[in-house]
Amino acid sequence: MQVGLEVFLGLAAVLFSLGLYGAISKRSAVMVLMSLELMAVSVNINLVAFSRFLTPEVMTGQFFAIFTMVVSAAEIGLGLALVLAIYRQSRSIELAGLNRLKG
Amino acid sequence: MGYIAVIPLLPALAFAVLVPLSREWRNRMLWIAGAAMGGSLVLSVMAFFATWPGGHAEHPVWHATFPLAEIGGKPLEMGLMLDPISAAMLHLIPIVGKCVQVNSLGYMHRDERVGWYYAALSLFTAAMLLLVLADNFLLLYMAWEVMGLCSYLLIGFWHEQEAPRKASQKAFLTTRVGDVGFAIGLFAMYQAAGTFSFEGVLGSVASWAPGAATLVALMLLFGAMGKSAQVPLHVWLPDAMAGPTPASALIHAATMVAAGVYLVARAMPIFEVSGTALTVTLWVGAITAMVGGLLAAVQHDIKKVLAYSTISQLGYMFIALGAGSVVAAMFHLVTHAFFKSLLFLGAGVIIHASHTQDMREMGGLAKHLKITTVTFTVGSLALAGVFPFSGFWSKDEILAVLLHEQQYGVFAIALIAAFITAFYVARLWFRVFVGPEQTDELHEAHNTMLVPMVLLASITSVIGIGGYWFAEFLGHEGAWPAPVVYLPSLVAAGAGLALSWWAYGRLNIVLNTRPLKQRAGYIYGMLSRKLYFDLTYDTFIIRPFMRLALVFAVFDFKRIDGAVNGVARSWRDLSESGWTFDRRVIDGAVNASATGAKALGSRLRRIQGGRVQAYQRYVVGAVVLLMLWTVVKGA
Amino acid sequence: MEGYWQLLPELIVMGVAIAALFGELLPGKDRGTALLGAAASTAAAVVLLFWGTAEPLFGGMVVADETARFIRIAVALLTAVWLLWLSGRNMDGERRREAVALALFSSAGGMVLAMSADLIVLYMALELSTMPAYVLMGYKRKDIDGLEGALKYFLLSMLTSLVMLYGLSFIYGLSGTTAYSGISLAETGPLGIAAAALVMVGLFAKMSAAPFHYWAPDAYAGASAASVAFVSTVPKISGMAAVVRLVAVIAPGVSSFGILLGAGAVLSMVLGNLAALPQSDLRRLMAYSGVAHTGYLLLALTSGTQIGYGAVLFYVVAYAAPSMAIMLISAEEGPSLTDLAGLAARRPAIAWAMVVWLLSLIGIPPFAGFFGKLYLFGAAIEGGLVWQTVLAIVMSVVSAGYYFRVMREIFFGDVPESPMQVERSVSASTALALCVLATVAVGIGASPLMNALSFSFP
Amino acid sequence: MSLLTTIIFVPLVGAIVTAMLPKARTDLPKKVALGFGLVDLALAVVLLVRFDVGAVGMQFTERLNWIPEAGIQYFLGVDGISVPLLALSTLLTVLAILASWKIEKRTVLYFTMIQLLAVGMNGVFVALDFVLFYVFWELVLVPMYFLIAVWGGPRREYASIKFFLYTLFGSVFMLIGILALYLHPSGGTFDMIELAARGGSLPTNFQWWIFGAFFLGFAVKVPIFPFHTWLPDAHVEAPTAGSVLLAGIMLKMGTYGFVRVSLPMLPDAAASAFWTWTIGVLAAISIVYGAAVAFAQTDLKKLVAYSSVSHMGFVMLGIASGTVAGINGAVVVMVAHGIITGLMFLLVGMVYERTHTRKIADVSGLSSGVPVAGGLLAFAAIASLGLPGLAGFPGEFLTLLGAWQSDLAPGIVIVSALGVLFAAAYMLWMVQRVVLGEASPIVAKITDLNTREIVIVLPLVALTLGIGLYWSSLLRYVDPAVKAMLTGMGAI
């Protein structure tokens, strides 16, 4: 059976919401980073699906996906570096512990 | 005729020269004030003779104007003019002023601020002369207020003591109440006639809207009542006696209090157009004449007697004006000015000699102060209205006018008032000059104080007869008083004198009134001690007569004075509450809004809880809301 | 200046940024690197000044028009000022080489962002300009507060930019192309509005507009004032430029877009100003003040008129210079308000400079802030947003409240017994002098800048 | 370089030069400031002399493009209403500088602030472009804030911040009014003359709202009744020079705004029943309320501050009347009040310098202790209660006359006329307590005014007498301008 654009968009939406939920509820910083990465993946699916179904002859969507992958990779690298620095100082990556700055 | 403008200028220049000087230089330069007054005296006499034939000329003898300013392109003219009425007043002021100045040399020589006294006196004379010469109501109002200030300065001359300070403030504020009425009269006049000048206003008054004339007239009357101390605005005059006596002689006898009469005389056409204003003036005058006389009869302070007497005599002038006769009012004004200032100067000498103002501590001055006694007697008789002296002629002219206008009710009141006047004049005379001496080494005053009194006494005895030519001078046909008028007035005067002689003059001992006071327990405190019951308690006339006076005195003290003080007191609590309202309510609101903003800020601050997860939840919550909104919006 | 030469300014900046990474080889170590960086960005600005505009490049993905030139010059100059200041001062004891490199990378990203006319370039430049900012925030490796602030900034920004990306993907889907010229959300119904809203979430967060501003107060409070000075101003200028371009493209299609922006504006103004009142830490106060000023900017944006966009860009520059200078002073004197006590006695020139900057932020003439607010509120009223303008006016009076608390500390604060004497540094004070000049000159000489923004009142 | 620009920027140059002076020499700044102030005063006198009284419309106009895109110009000009105020501003600045001869604390900063204040004040009265007007209007706030905050009395911080926020709040609404007028199709320009000419064409409802915005802006500055609570605090805490300039000039900026902006540009709103009644009633309240609260004051400066509220009530009454006499009276009261209250604050300041207390209870019997100071203070008090022959009377008389002629209810005019009586009451009460009576222990010890102080006070005394005796010395300038404005508004 012919898999339509809507199926991909649906899949992307599900993944995006899962990522979103993960980012909110997970206590450990690494898990949050992983769920953010999940959201990035869902966006890529979205882009590729649009490019394949709407403008098959022009590959702009694909380019967009490649660029987003590059950017999110760099960001996750940076995020992990930050988490590592925090771990070295406070021996914990629990997000809940980090509430010294307030007001 | 340009010298007319110099008349008010000379004393004003004297004031301008004296003020900046240091204190001792000012005390040494008194002659400047004297010279200025002398100069304006000479010039005003010349002016008087320049207008001598007088009569009802169409336009004034001399008239000069200069544009003060332009309002909306329309020039506001201001000027001086000389016509019979102003000429009459013009020669009066410097004569009395010169006498007062000479008298003050003796009276005030010990005072170290005498320079300032003469400066204030000069400014006062300048203001009065300007008022008399003004050719429009606005300049008259301006001179009117400057005069009010000078009376404030002179009454409050000895400002170290509490009484003069209070009296001067009360005088200024009460007259100022009248001035507010005067100002509103001016505004209404300008709206109706479009100008302030006499010929502009008086010329067009016939064509005004019906109510306008009455409104303007009543307002001007209200102003005049303030300045001429008519009931109910008379409360300030008795207290004003706290000032130096010669100054009171000039201000509270001759000139300032007469300004109100002069204003109404000037505005007479307006009063005539609005009939009601005339009747109001008539009855104001009648009431004041009675009240003044009664209160004068119960006073113990010699100057307070004269003060209430002035109020009463001014009441007479307002009666004359109310009856529509400018001539009678002006004639009485002139004669009253001379004999009342004579009495005040005399009172000054008496107080100087017996070192007290309270008549009960005086007596037997006749033997030692010969000249004072003679001159004071001339003045008293003139005030009482006895035949040869000026008071008789001017009062009878007023009575004649009343008869002519069929105002019998007021005629009767005037006669009773004449009787009361005679009574208190004689009472004063007997208490001071007859009876045992209560102060030792009485000696005659210095002749600088006596010469002016002799001059005034001679004028008082002479000008009475001039009534006929005075009327001609003001443009009305003169009339010798008819017997039907002068007989009852002579009877009234004689009865008054006799009663007073019988009550006070007969016994040659210091009268003791202790027993009477206990019986009169119910009379309110202070005045009862001043009240002096005669030993012959039972005669019908005196007791009802006294009770009526007391009722007025109580009324006067509690109601009006009370009202004035009441206003002051309520005014103070209003300002108190105003101040707290200001601080607490408005300022409170302003500060509250500031602290409110801070409180709101700190509450908002608490959202920033510090936990990353919380922030993310807020963000996602916002995103979800956003999506819901878009769905709702989109559908 | 045809072809690739247009990107010369960006290339200069990037080149020096890479060179700065190997700072220890350069003469003069940290100080030299900073001065080199400042020279580079000034050179970029000069190049832009003379050969700024050219026809679109890379098939329309990048367009160097008049507005882009104005923003690129502003970004370059501000970075130069910051680096000049950095050369005279230190970053709380850390090595300064990396900070210079990061700043230059971020400003390069900002300059590209100002020119972007394509969704892909938009996203790339946006991330390039904000990623160095995360690191700058956590620059002090040993200090847990800094790192915590940086992590919060990172997590929230990443979350919101991914949401934006999701929105961008839909915009691409709906209009079939990523070039601005092709995008239009007309008749796209709820999906169009949803996509626009999602994009706005990301941009609101980057501009620290309420309700997505949570990271700003904590991040600013944790980081060293010097890095906050850079992060709170330069990325915001280029970000605002991108927002203006994007909104100009998206807004016409989406009917109720104005309400969205308006709500954001009102929320930011009220929350920013009121929350700033009770603050005692200068950095946190400036964070909330940033939120408030973003509110004013969004207000003009909501009017959707041509003047509005011009006024926004003018104001963001007029706001950036003084607030960067204030943060630099906080870096020199100490973060909390009480550290500023008695500044007037110790350093009168700096005290009066602070007065100039604070007054400009309140909007008192004759400084830049007043003219900025004049155009902002003019545009808002032109767009019919009368009651919002009244609210903005009242809120700027409230802002006078906390700005004056700063001024009061400077003039009347009780001087501590041993006030630490800041050693004089020529380059730092020249940088601050440039800021004062900017605040005053931009105010009085407003007309040339107005032409640059190529808009004129009716 | 034309006259008006030099008048505005002489104090600015002075301020910059004073700022550069070395902090060590504390006596140098005041001499420099005085020099620049006198030059400015001389220029103002030249302006007065060369001002052609008969000519209608603006004179000495200068026009320069400042921000052409937004239509903002550097546009200056004066007419009969603004010339006297400008001259008064330069005069009072010189006197204020002379009065602060004894200031030792931070003199460089002090005299820079005074001269910056002068720039703002001069500028407001000559600016004819709305943005320029607003710039000068706001420029005045900051130096005044510092004058109060640094050299003020004990509660200076509260008073200065309250002054700043209060006035800023008002003036910001004015900004909305300016922008709305600019952006309205039939408004469309910042040029005040142009807007005045187009005044009538704006729709009445729109005019009504804009009048409200301007009313809020100007009412705070005047101040009118509910918006006045900042004035007593600011006056009490400000140094002498600050009070003189605050009362002498800055209060007039509000009323000048009404006469220059609200009336000509929004004629229908100004003539509308609602606004004439509101301003009329508020004016009457200000007069009576100011006088009442002044009565309850124990601090001399607060008493004079509340008397200013009362006097400004008269100005607003004149403006509400909208008649020729009323507005002429309003402008005359503005100038006269500036002179008289300036004189009074100078004297109070001189007394304060000697006795270091302003409590009315402690300072009594001046005329016996220090006769010259006592005499002058009595003179100022009497001038302030509106005695004819002195400057206070013509303004108040014309205002009441104008109000009576206008369609304001007679009740308002009567209440205001009673205000004159209340003024006499609290002024005399003050004269009784402070000037008359025995010298209190403090007053017995102090020395009388020296020549410098008398030289400061003399010009104001001369002006009070001059305007009081010869009205058209001032009305010669004011009346043609007011007539032209009202004909422009179609009110005549």
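Some points to look at:
Letters A, B, C and D name the chains as they come in the text, with residue numbers starting at 1 for each one.
As a working rule, a residue touches a chain if its C-beta (ideal position, glycine included) is under 8 Å from a C-beta of that chain, and two chains touch if they have at least 3 such contacts.
The shown structure was predicted, so the numbers you read here are calculated from the model rather than taken from an experiment.
Taking the mean of each chain's C-alpha atoms, the chain closest to the overall C-alpha centroid is D. Centre-to-centre separation between subunit A and subunit B, using Cα means, comes to 98 Å. Inter-chain spacing, taken between the CA centroids of subunit B and subunit D, is 37 Å.
Rounded to whole angstrom, the centroid-to-centroid distance between subunit C and subunit D, based on C-alpha atoms, equals 42 Å.
Subunit A and subunit D have centres, each the mean of its CA atoms, that are 66 Å apart. Those residues of subunit B in touch with two or more other chains are numbered 594, 605, 608, 610, 612, 616, 620. Residue positions of subunit C with contacts to 2 or more other chains are 151-152, 155, 159, 217-218, 279, 401. Shown for subunit D are the residues in touch with two or more other chains, namely 165. If you check each pair of chains against the touch rule, the ones that pass are A-B, A-C, B-C, B-D, C-D. Chain contact summary for the complex, subunit D toward subunit C: residues 65-71, 131, 134-135, 138-139, 141-142, 146, 149-150, 157, 161, 164-165, 168-169, 172-173, 175-176, 179-180, 182-183, 188. Residue ranges on subunit B touching subunit A, taken from their complex, read 605-606, 608-613, 616-617, 620. Interface residues of subunit C facing subunit A in the complex, by the touch rule stated above, are 119-120, 123-124, 127, 131, 134-135, 138, 141-142, 144-145, 147-152, 154-155, 158-159, 162, 165-166, 169-170, 172-173, 176-178, 217-218, 221-222, 279, 284.
Within the complex formed with subunit D, the residues of subunit B that make contact are 19, 23, 67-73, 76, 141-143, 145-146, 149, 152, 156, 159-160, 165, 169, 172-173, 176-177, 179-180, 183-184, 186-188, 190-191, 571-572, 574-576, 578-579, 582, 586-587, 590, 594. Those residues of subunit A lying in contact with subunit C across their complex are 16, 19, 23, 29, 32, 36, 39-40, 42-43, 46-47, 50, 54-55, 58, 60-61, 63-64, 67-68, 71, 74-75, 78-79, 82-83, 85-86, 89-90, 98, 100-103.
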